[in-house]
């Protein structure tokens, strides 16, 4: 119950330099058909990953979380914005440069059942990862590395798992293999796209604990994508909340979950099931559907569902406002000149 | 559905079938492609000047629309007198002008001049038409006089006779077109026919899609008169009912194995002779042709009896028989040897033969297989190749083959047979397309003789020529005769009798021959 | 709407490709119609006729292939398919007009019957899978594996020759005159029965097997279980829920396999001497009758295109999802 | 055709059952590696096919006579000397069939291989590259699908001077690849979007390795099934072409036998032994291939599979498995229970048995 | 080895039962190596109650729901037990497992309706939703077409969808809307029992919240009983009156939801509660449950949970515990648990601290 206290401290400061930094990430997917319509999947997202820290990215389905991850992994080309690794701009989607980038940044996908090719044994998967990222490695070294990788993800003894096919492993074991594959590259950044959402409840925590362990031991920077805000609180130092392709709030996880600033974050937290809140819950105020990303709402994209929407919300997109120590929200309620509205909305001044 | 008249005779229509596939409504007699030609009903509407009997080629033609005719001495001019009292089926009288018009039409329209007759001048005076020619028509007499006549008053109004389908034919024949449909063409009796009232009230021509269908129709009685290939005809058709009959006489046209005399191994006359001696024509006839095409086992290659009158005295009655020992002897004398039963030619190479005929020509191919089997008896290794019809045509024309079964034209004399096989005027170098003499048989003597035979008006001198030609043929073996194309038919005597038979061979009996009106007028109802 | 436009564009392109193919392929064929005619007659047509035939067929002129192609299109757009050599001087369009109704009747009829019966049987077999009905599968399987022509031959041998229940060939009773008379029509139906029967038998098994597998697959979709959970009558679940969805792939398959079906009926027309277009095409190929060949192939292709277009639109009609999505 | 580790089946099988623990899965693995062979249909098909393949190899040697040898024994019905009788030229039909097996098999396999190759290249490329390339390639295969194949084959076969086995195989392959490529394209398209491809890419795997080592192995079943489908199409086309006399008939195959039978009017002559056995041979090979394809289908699509395997047990237990009415099976009915069941309904029908009312 | 189950089913509910599942056993497969997916499961749903069914993926929750309604697809086969429906309105009912097809059809939807896991595939893609709403009504009630349409429109507005959506096809609706349509459809005949199999799993939290609230409202208005299946225990804790926890084809604990939360009696339940990070309150370290979920094909002997159980003792691998009273016996009359720790005969007689929270009352 106390292990996480130091993490709380670090999460507030942004002292250590960012390994992977994204500024103004934007991705538009063209829509098939007449006209030049596009899906505005991600729009102007800034993100910073630091060594030994976990950043959680939360948001409802379709809010662009995976797209951000895939952009960061260079699996998609950017429409706008830039990604820097250790301060150098990167833009390579294939070839040797891409592989060098991969060596630093690896990705883990949501579904361990689907992210391992059913025809390949564990040995093949891991050997490939090692061969790609340690070219020219000797055979015996490779064997040793294989063993180490499996041990690192708690699949021991390694021999028992090397010759298995994915279907012979449980979901948690598969996800561990996927993590081992990512670790095979010896990366400094792990992009974990909902790594546990497809796993059984009882083993989710095991995988998350494993990831946290690895982070500590290998000093990894982790981007943890989830729609479960409680697990973001549990696992991440900082939490970034996305809505309809944009960042609406970010800050230390504890602050974001306990004192959500943006109405959307508030809605999200109010909606999450929580046995402790039994009976205290007010009926949800915000109804409605997620917006179309082809023609997103003008101004603040949340305004059609926002109980506190004001005139300028409809017309102008809000910039990011500082709302607390290290906590920021993109909402007009936090504008300097909006104290009145803020009071009206929350009863007390923030 | 018949045209009224009663009177004791049978009122059964005569059903005539041909296995010629779908037809289109086209009764242009000049077109081999028309339904009228294909099914044969052109000949019961349009009639020729004379009726020549190809099964008895030596006999003079019978006057038909021509009452009489007279050739000049060198056969460059003929005067034809029109029959009187003949009417077109539309009631207009038939005159010599119609004959002249028809001949002129042929002369002026190369596309219609199917026999390539070199007409020069055509004139009418009274009921006589005189046609002159650029060259002697000694050999073409029957072709000139076999021309069918079309009515001037109708055809002169047709703008392009080569593009006309003549769907309402008007002729002089014993029948007129009643209805035309894709499957059945119905003709009704021409009651004002010059030859009297035709006995059969109605003719129904049906085109069956293939031989199988036609045979089935014959067997079921749906077809009463037809000409179709029937394997083992006695067993398959004739014996099936006592009214089923077949009469298959032959004319002067044969199927022969053309040997390429300018390519190994048949460039060696000994090899040709040996082959001639081992090939079992009887087997080819019964098995290859399933007994359908007439057996040609004369040494001269002239079918019997049609060719008997033309056979040289020394070859009369002589038959080609299988003589393996004789063949081996011939080969040994010519320097051939055998090595472990394989024939080796004088230059030391094993003898190999490739027979060739188009895929799909089953009777030819079956025959070739028998021949190939026969040649094995003298140690010749042989195979049968089956290209497409087109490449076969090209290959045979260019002399790019060793041996192929091919037909010859059918003529009034043996000239066509021999010319097609041996004529030097048709000789082309290997590789160039030849239209006959595919085997490149090069005998100046034969060429001269054939040329003389074609124009010499003296009958005995011509026979002399022929004797010599036959001698060359027998000795040099430019081709091995196999079978004669039948001119006969299958017919049923269930309702009608009076068909040409062996005993009364008054005409070629195919429904698609010009003799059809003659046969029809000869039919009598069965009581 | 967009879906339809795309499909129409596709069909136009396919038509263009087929027509062009149709133009070039015959021109690459060796041999010529005159020699084919001579060969066909095997001596009964004198070789003297060769020259006159070349003149007759108009083959004595020379033009470039490009000119020909332009002329071909011009003529085509005027509905002029040229003059057949085999049936000279009958225009191809006339020959085809004569053959087409037969093919349409035979193919159309038996294809539709085959499809409907096969689909129904497939629905039944799929719905009652795991019962005795599964024993019918090997039979269907066998029939889908035998060559069509052989089935036809056996049928002729058994039902037209040995026991003369059906006529062995032809499209109608030769004793009747084509027209709208009952005699003729009943004869035509009688003559068409055996070919139609064999086409149905050989095509039906494909539909049965395909439909059965789709039924089995669709039956385990949740909405079928939901329909059962709603307590709907069995018939309604089977047809309205399971079959209604299972038939969709069959229909698009139907559209695409029409080409195969038409190919099969070509053989049927040959075996049964049926006066249809497939037989014409075959004849035309044999006699190098380019105009007829092109015409027949064109008509066959266009009919397939039209039929598959119809099937496509039926599909779109039956599947609401295609109507909005690309 | 590889039987081992069919990937699609494995994915489906794996997701159909719970993710098996690390425990003893040996039994299951063994069963799966026998996969296709365990399917009775496929097994029968494979056996029949094997018989004909063996005949294709040894046919010419075991043929009792030279198939071309002409004898005087015209149209002999089957006898001890000629098991399948003779043709009108006295050739031995059994020998013709035996010698002809190779022609059929070679063309079928060759055309199958060629067409499969084309369909893999076109289909996988189209599925993988997407975009304009995909549009064009799909258009091409759709055009080929829709243009009537047999007329086209006949025309093209008439185009070549001597349409031997190889040519025919080429032509059939050229016209028969489209269906396979369509299926492969669809499958590739869906595989391309699978997570494991994405994961491999994110891991730094080069593109060509992704195509050949990640995607292609997952297509084996479909490729195999496409191959077999084309082989059936090829064999049927080949014999049809031979039968209608478009192709060279000098080389024996079953179609040639039928061609001769037809052109010699065997039907009319009552020589059933001439055309029935050849047709049956074709049907046997065709059936064998379809059976194998069924096996593959059932292997790939688990929904098709499960009852097929247990039909016998179902019948024995008188259970009718169906959607929406789960059978209730309370063990072999004891006398008392049966009596119970009889009180309300006729216990003879399985439905009532399972309801046990 | 196994203890024979008690002859009288222990009813954990205090309400009058509408649906009683007794000794239900289900196999997948027909031959000897069939998977025994459910083994003698007992469960009772009281009138007006929301009964939550939770457990890991593959533990048999859906199997139970479908088997109870006889909608299990092949190769599922019910090998024993009975499912008694007793109407709380007029007392009609019977054993669903012994009904003939016709009786079952008539009973379905009217008495028991079901909302499936994954609404995407639960609607027939080729019919408009109006038609699908109506044909369920039509199958059971004689009603003029316009009345039926009006009813369908009512149903839609009941779940908060405008009635012009009647003419939409399923693919034109969003996931949340489709799920609501399914709920509306299930309520069309005002059934007494509605089984909901993970009705919200595919949706994100905001949508899930909306739908859960909707269900609560409707239940309040219409008074039906619900079996609510999910693996999200925290959702159940909020929603359900009673929760049954399943593990490997068995029900291992059955109690009121607050009891489950505050006084878990089964080690698995306790472990499950330790797998959810809390959104509020103190952050604590969570351990989850070690090991991997069971493979039904190769189940551990005895208590299926013993390989993962921190409190397993020597009897666990040998004896398969049955659902019975807790160690506190009559102090907790309405709850039951299947754990040998609670069996005075073989167990240690006292509970580990985690499982020993005193009964509330």
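Each chain gets a letter, A, B, C, D and E, in the order it is written, and its residues are counted from 1.
We take it that a contact is a pair of C-beta atoms (placed from the backbone, for glycine too) under 8 Å apart; a residue touches a chain by one contact, two chains touch by 3 or more.
Small disclaimer: the values here were computed from a predicted structure and weren't measured.
K.L.:
Moving only to chains each one touches, count the minimum steps from subunit A until you reach subunit D.
P.N.:
1
K.L.:
Centre-to-centre on C-alpha atoms, which chain is most distant from subunit E?
P.N.:
For subunit E, the chain whose C-alpha mean is farthest off is B.
K.L.:
Could you name the chain whose CA centroid falls nearest to the centroid of all protein CA atoms?
P.N.:
Most central by this criterion: D.
K.L.:
Would you kindly tell me how far, in whole Å, the mean C-alpha position of subunit E lies from that of subunit A?
P.N.:
Here the centre of subunit E sits 33 Å away from the centre of subunit A.
K.L.:
How many angstrom between the C-alpha centroids of subunit C and subunit B?
P.N.:
Inter-chain centre distance comes to 39 Å.
K.L.:
What is the distance in Å between the mean C-alpha positions of subunit B and subunit E?
P.N.:
93
K.L.:
With chain centres taken as the means of their Cα atoms, state the distance from subunit C to subunit D in Å.
P.N.:
From the centre of subunit C to the centre of subunit D is 24 Å.
K.L.:
For subunit D, what residues touch not just one other chain but two or more?
P.N.:
Answer for subunit D, listing residues that touch two or more other chains: 19-22, 25, 158, 161, 246, 262, 267-268, 307, 314, 321-325.
K.L.:
Among the residues of subunit B, pick out those that touch two or more other chains and give their numbers.
P.N.:
In subunit B, 212, 216, 388, 390-391 touch at least two other chains.
K.L.:
Among the residues of subunit A, which ones contact at least 2 other chains?
P.N.:
Residue numbers touching two or more other chains: 170-171, 173.
K.L.:
Under the definition above, what is the set of subunit C residues touching subunit E in their complex?
P.N.:
130, 220-223, 225-234, 236, 240-241, 244-245, 248, 318-321, 324
K.L.:
Can you name the residues of subunit C that touch subunit B in the complex?
P.N.:
So the residues of subunit C in touch with subunit B come to 29-31, 35-37, 39, 41-53, 55-56, 83-90, 94-95, 98-99, 160-161, 164, 168-172, 174-178, 270, 273-275, 279-280, 283, 286, 288.
K.L.:
Please give the residue numbers of subunit E that touch subunit A in the complex, ascending.
P.N.:
56-57, 160, 174, 176-177, 203-210, 213, 231-235, 237-239, 258, 261, 271-272, 274-290, 292-293
K.L.:
Give every residue of subunit C touching subunit D within the complex, in rising order.
P.N.:
10, 13-14, 17-18, 21, 25-26, 28-30, 127-131, 134, 138, 141-142, 144-150, 153-154, 156-157, 161, 213, 216-217, 219-220, 224-225, 227-229, 237, 242, 256, 258-260, 262-264, 266-267, 270, 278, 281-282, 285, 293, 296-297, 300-301, 304-305, 308
K.L.:
Can you list the subunit A residues touching subunit D in their complex?
P.N.:
Subunit A reaches subunit D through residues 70, 73, 75, 94, 98-99, 102-103, 106-107, 109-111, 113-120, 128-129, 132-133, 160-161, 164-171, 173-174, 178, 181-182, 184-185.
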